[in-house]
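Two complexes, one shared chain (subunit A), two partners (subunit B, subunit C).
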Partner chain A sequence: MTVVALLAVLIQALHTVGAIGPGFDSWRPVAIIVVLWFIAIDVMVYVDGGVKGQRLLFLLPALQITLALIIFPTLFGLIVAFTQWDLGGVSGPVFNGLDNFRKMASDGFFWNALGNNFKYVLVAVPLQYVIAFGVALLLNQGIRGQKFFRVAFLVPFMISPVAVGWMVGRSILDANRGVVPKGLDRIGLDRISFFDQPVPAFLGIIAMDSWVAVPFIMVLLLAGLQALPTEVFEAAQIDGASPWKRFWNITFPLMLPVSVTAIVLRVIFEFKLVDIVRVVTAGGPGGATDTLSLYIYREGVESSNVGYATAMAMVFLIVVLVSVTLLLIFAARKVRDVVY
Partner chain B sequence: MIHRTRRQPVNRRAVLKAAAGAAAGFYAWGVPGKSYKRARAQDSAISQILAIPGAGLQPSEADMEKVGELCLRSTKKGAFAGQTVTFIGVNNVGAHNNIFRPLSRAWEEYTGATIQWIDVPQAEIFPKVQQGIATGEIEFDLVEGGAPWEGDLLGRGLGSAMPDWVKEQIEIDDYVRLLQAPVGTWDGVTYRISIDGDCHNFNYRNDYYTNADLAAEWAAAGGEGEWAPPTTWAQVQEHTKFLNGKQVDGMDAYGFLDVVKPGGGFSWYFYASRATAYAKHPDSPAWLFNPEDMTPYINNPAFARALQEMIDVIKLEPPDQTNADLLTTFYQFLGGTGAMCAHWGDVGSNVYTNDSSIVQDKVSFSILPGSADVYNNTSGAWDTVGEGQLNFAPNEAYIGWGLYVMQKAEERGVSEAAWDLAAHLGGKDISTWTVIYPSGFQPYRNSHFELEYWTNANYPAEYAESYLASQSDSYNHPNGAIEPRIPGIFDYYIAAEEEMSRAVSGQKSAQEALDAAAAKWEEITDRNGREEQIKLYRGSLGM
Partner chain C sequence: MSATTIPYEAPRRRTNWPRLLGRVGIYAALIVWTVIFLFPLYWTVTTSIKPKEAVIQGPKLFPWIDFAPSNAGWFPLLFEQGQRSAFVRHFQNTLSVSLIAAVCAVILGSLAAYGLSRFQYRYGPYDNTQIRNFFLAQLILPPAAVALPILLMFINLGLKDTREGLVLMYTIMNLPIVIWIMFDQFNAIPIELDHAAQVDGASEWGAFLRIVLPIAAPGLVAAYILTVVLCWNEYFIALVLSSTNAVTLPFMIAGQVTSQGVKWWSMAALTCAAIAPLLVIGVLLERFIVRGLTAGSVK
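For the complex of A and B:
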């Protein structure tokens, strides 16, 4: 069964990228074979494995899902990245060596979008972190209506970014029908257009993205704040430490591990930013708000240029991995220096 | 005639057509339920359904269900019980799938079939269908698609050939010339039921051009000629500049409305409409590519001039116009913003029937503006058309939506049901209603140009005449810019609109952007197979 399943996957993968002729018209039969193979393995482990097998059964489905939905698509994507594959083309996928990567090196749209991604990370994440930390500190003070505010601050996080893009970007801030430009117009100010100039458009996207992201960071930080030991703060207060000193010398260092987690997650999300941009500006004006995820979407889905889009996605994966790894190394050193 | 008479007993049309007139009459007077069953024959079905919902009203879902019921011509009562037809179409608000659903309810009840609807945004429908084709996962039996897709759909043998009974039922000979073969056919076989025409016409606010104050200011400002609706793109430019900063009826006045925001290839059409008068030479049907070798024409001086003109006035258009997509511009114009726009004919059928419209009695139409000179790709020079003459080249943009039954429907055993549904939605009666009320479709049958239909639906005669003339003159223009039905055509458009938006935002010059677009077009041609593209391109232009 294992041989049959692996052969089926291999043959179909090679058939899809045009390396061999025989194969199925679609992946559906192969998927069925693989699912049956997984089930057979699970049953065998359960029947033959005894107690150890039964324990293994708790782990096996998760491993199989990871294999089927993460590892295999990534490996398949790696193959596709070295092909010229236009869904509209008559030839299907054709191996083209490093052509996609050479093209990427001279593709202005690619570099512009990647550069924007880094700008989003460098501008948006610190901004969101500072605001979220402030809000978390406020909500941790035992103010009146604390529970209400906690829920209220979470509401933007519960709203789909697409809806945020539409409600805020296309309805409230839209230059023609938005409430804000119309209101400004009524009080005698020129009708402002938030999205037809590169810098305002970029900042507008960051504002909307932050509206959704701040609650997420705030929740993480608030949970961290509530877990801090109260004795340390009491001792500092008795010693006469000012609120700022208590924050800077105790709260902030103790919160560093949680902060790093929140920042790393936000960096990853920021790299993947696509929904708000797509709804509000579609990457414009002139690519000022474009992101690599959106460019990959346009190239792969709208233009059907699957080979090139996959190559960009692979490079992007490496860029994100390297960036996050460097960030983690830097953060680990900082945490070690400050906390220990 | 005898043959037809013998067939009448099994044709539900024959029974219903007579009853429908009285039924719709009763309905229009407020008689609820299926009152048509007790109605007597009187006026034609078409005249009567056009009274639903009536003057100045946007049709409700119940209205559409009633229209669908009255237009039902299927003879397959209960024949498709238990069958499910999967239909993929566009989900624009108040149009396409959103009207097909209620219009098809009576058909589902009558035939026993169920329709599974797949709603897709307009900018994503082609990629979605294309992915289905490429991966072999064609999950739909019936697709609402554009003529430009035919290279992808029919060129790969994925369509189901239209049965003769369908041709007869939909009265296919009634299509305007533009939609007759080769459109909808491949290798001589007919596949498509047209449900739309499609061309860009020129929509303008006649109240701007009868405004005495504006006329006086125009004269005082030294404007060339009379203050009158523009007939050339040069005049469009001048009028747009002139209107900047002025007010009409208490609203900021704007001239032309461009569509710039990249939108799955659909923004291309608006740029193309600015370009056809310069780029489409009467001596050659080819205006996008050299038909000998598929070298793009998009970076020639004609396209560069059109793009430069767009760049020159974009800052004088409403705020944030660089983010305007085709629907933004559509609703801007209906909402009273802007004096002129090039658009599909939907504007004409929405001015009086769309709740968003405030421009009733203020709109007139013409074919797209022309140019005093046109670029000749053969000589590489600008040709002057002639003293006092202009080159007009209506943009036959998209050549209309159609319904295509897939081969897969045959494999799934639902092709007859799919064709019956398609024939219902593309029938003569129902189409007359859809082109007159908001639907996303514009006139495409010769019979749609009967002025009486429009006046029966309470369109002012003068308005309807202006609108229908703009459509008819565009469809039948000898120098119409025909869209090539070649595989991957939207890939070309997407590449072009990306570059175009860069130029409009000032990141590149017009020529730099178009040179980059031309390079991408070459690449797309190579990806699709140059020789095959040449063959199909020439074929689609009748060369």
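For the complex of A and C:
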């Protein structure tokens, strides 16, 4: 089976580059052979592998699908990144060396979108964290109807960002039809046309993104608050510490591990921000709200310029991986300093 | 409440004004937040029964007071052939893709999580920690980074614009989340249970399927529901991979733009119908969603 699968891949690869004549029209039969090969490996491992094989079978399917749908496409993307490939054209991929990367270096849209990604992370995540912490603290005050508030505060998490973009972004925040600009008008601010100017547009996107994201952080922080040992607080109360002091000297440090988890997860998701932006501003005005994911989509799918878009995607992947890794290292150090 | 647990509490004879004010402040703040969190929902529901004029004239808030309700939004969605069949098609796509992808992700993810929580693997330099981190690291991966190579692959394989293609992508995208939740879940179940089952003659797979899995059911439900919610609302991958056939509900919401402008009433009615199942899940199964979201981060 292994031989058959490898042979099929080899023949088809040679056929695709044009070295030999025989082969299939598409890779579909080869993909089917590879899937059968994966299944054959699973069966063999279980039947012939003994205890060790039976244990391996727990991991194997997850590894195989990851290999097929993450590792392989990424490697394939690395090749595509060095080609000029117009999906609409007839020529197919043409190797063009480092051209894509040279183009990227001088592409204002690329740098603007990448910069915006970092701006979103730096502005939105701290804001969402502070708001979520505040709401979680309120909910943790032994209030009545906690269940009602918890469910109500989870609602935005259940709503699709596309719906949020349309109903909030283009309806509630709309200059003519919307409630918020009208309300701001009443209290003396001129009717803001949110999505015509760079800074209000950027803040408007952040507001909507926060509306969706705060419930997630709040749920994490509330669970953390409820797991805190009560003895410490009782002792502090006997000592006469003010609520303010109790928060900064006890709650906040004890919550640090949970906070770090919440912030790291939010940073990861903030880098992926795309759907709200696409629906509400499509990156405008003047690229003020653009994100790299959206620019990659416009180049790769709307303009069919796959080679260049994939090159950007690979750079994006590396930037995000490096940023999050640095953040994790920094966060681990911070937590260690405070907790131990 | 007995006096022994809270001996320091002040006697409750006279009204404690600062405390009372504090309480009022807390409830006031909570109500403000409730309004912020629920208002868009209210706006969507009211917009869905607004006539065209009420939308154009500017913000109208209260049905029957500010404007006379109209059925322009709901009627075509429920009774007009074209609109209704389009809605049913999008709804079926979303439903089947979300439910099936979540099943696949939960099966593959809990198998891997169980293996990682119970056995010691070692392949060259890679042991359990590294394998687990390898899976979790995929959470970092932005969908945009793999979307294009996947698109090219799927075009060649005939999987573009099919439900199967979306199911595959949603499975792999949610696999790390399921592994995260289930690893935590299995670790909380004592390994002695497995050993006891094995003494009684069960194999390792038998112990997993018959003993451990039923105990881990709440975690499975949490992982499943969270995955369904994430798939239901996903837009970017669907946008890249689908065009006319495997289109999901977010497509239809975004598709209410006509040459005469946006049909807000239709869009609002459609949005209500699209998010209603999730809201019901959210209200009834909030416990499981919270459990899924907090797995592994709160000890």
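Operating definition for what follows: the second predicted complex is superposed on the first by the 301 of 340 C-alpha atoms of A that agree within 3 Å, B and C clash if a C-alpha of one lies under 4 Å from a C-alpha of the other, contacts with A are read in each partner's own complex, and residues count from 1 in each chain.
Keep this in mind: a contact is a pair of C-beta atoms (placed from the backbone, for glycine too) under 8 Å apart; a residue touches a chain by one contact, two chains touch by 3 or more.
Treat the numbers as computed from the prediction; the structure is a model and nothing was measured.
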Original post:
Thinking of the overlay built on chain A, is A:151 touched by subunit B (first), by subunit C (second), by both, or by neither?
Top reply: second
*Between subunit B (first) and subunit C (second), which, if any, makes contact with A:301: first, second, both or neither?*
both
Next item on the list: Check whether A:283 is in contact with subunit B, with subunit C, with both or with neither, and answer first, second, both or neither.
Entry: first
### Query
Where does A:109 make contact in the superposed view: on subunit B (first), on subunit C (second), on both, or on neither?
first
Quiz item: Should A:27 be classified as contacting the first partner (subunit B), the second (subunit C), both, or neither?
Solution: both
Looking at A:198 after the superposition, I want to know if it touches subunit B, subunit C, both of them or none. Which is it: first, second, both, neither? first
Is A:172 in contact with subunit B, with subunit C, with both, or with neither (first, second, both, neither)?
second
Between subunit B and subunit C, more residues of subunit A are touched by C
Message: For A:188 in the superposed arrangement: first (subunit B), second (subunit C), both or neither?
response: neither
Using the superposition on chain A described above, determine whether A:84 touches subunit B (first), subunit C (second), both, or neither. first
Shared subunit A footprint, subunit B vs subunit C, residue numbers 26-28, 176-177, 301, 306
As the complex stands, subunit B meets subunit A at residues 123-124, 127, 130-131, 133-137, 152, 260-265, 318-323, 325, 328, 332, 335, 337, 487-488, 490-491, 494-495, 498, 501-502, 504-507, 524, 527-529, 532
As the complex stands, subunit C meets subunit A at residues 6, 8, 26-27, 29-30, 33-34, 36-41, 43-44, 47, 55-56, 58-59, 61, 108-109, 111-112, 114-116, 119, 121, 131, 135, 137-153, 156-158, 168-169, 171-172, 175, 179, 203-205, 208, 229, 232-233, 235-236, 239-240, 249-250, 253-254, 262, 264, 267-268, 271, 274-275, 278-279, 281-283, 286, 289-290, 293-294, 297-299
Within their complex, subunit A touches subunit B through residues 24-28, 84, 86-92, 109, 174-177, 181, 191-196, 198, 280-288, 298, 301-306
Subunit C partner, complex, touching residues on subunit A are 26-28, 31, 51, 54-59, 61-63, 65-66, 69-70, 72-74, 76-77, 80, 135, 138-139, 141, 143, 149-164, 166-168, 170-172, 176-179, 182, 211, 215-216, 219-220, 223-224, 227, 234, 237-238, 258, 261-262, 265, 268, 271-272, 274-275, 278-279, 292-293, 296-297, 300-301, 306, 309-310, 313-314, 316-317, 320-321, 324
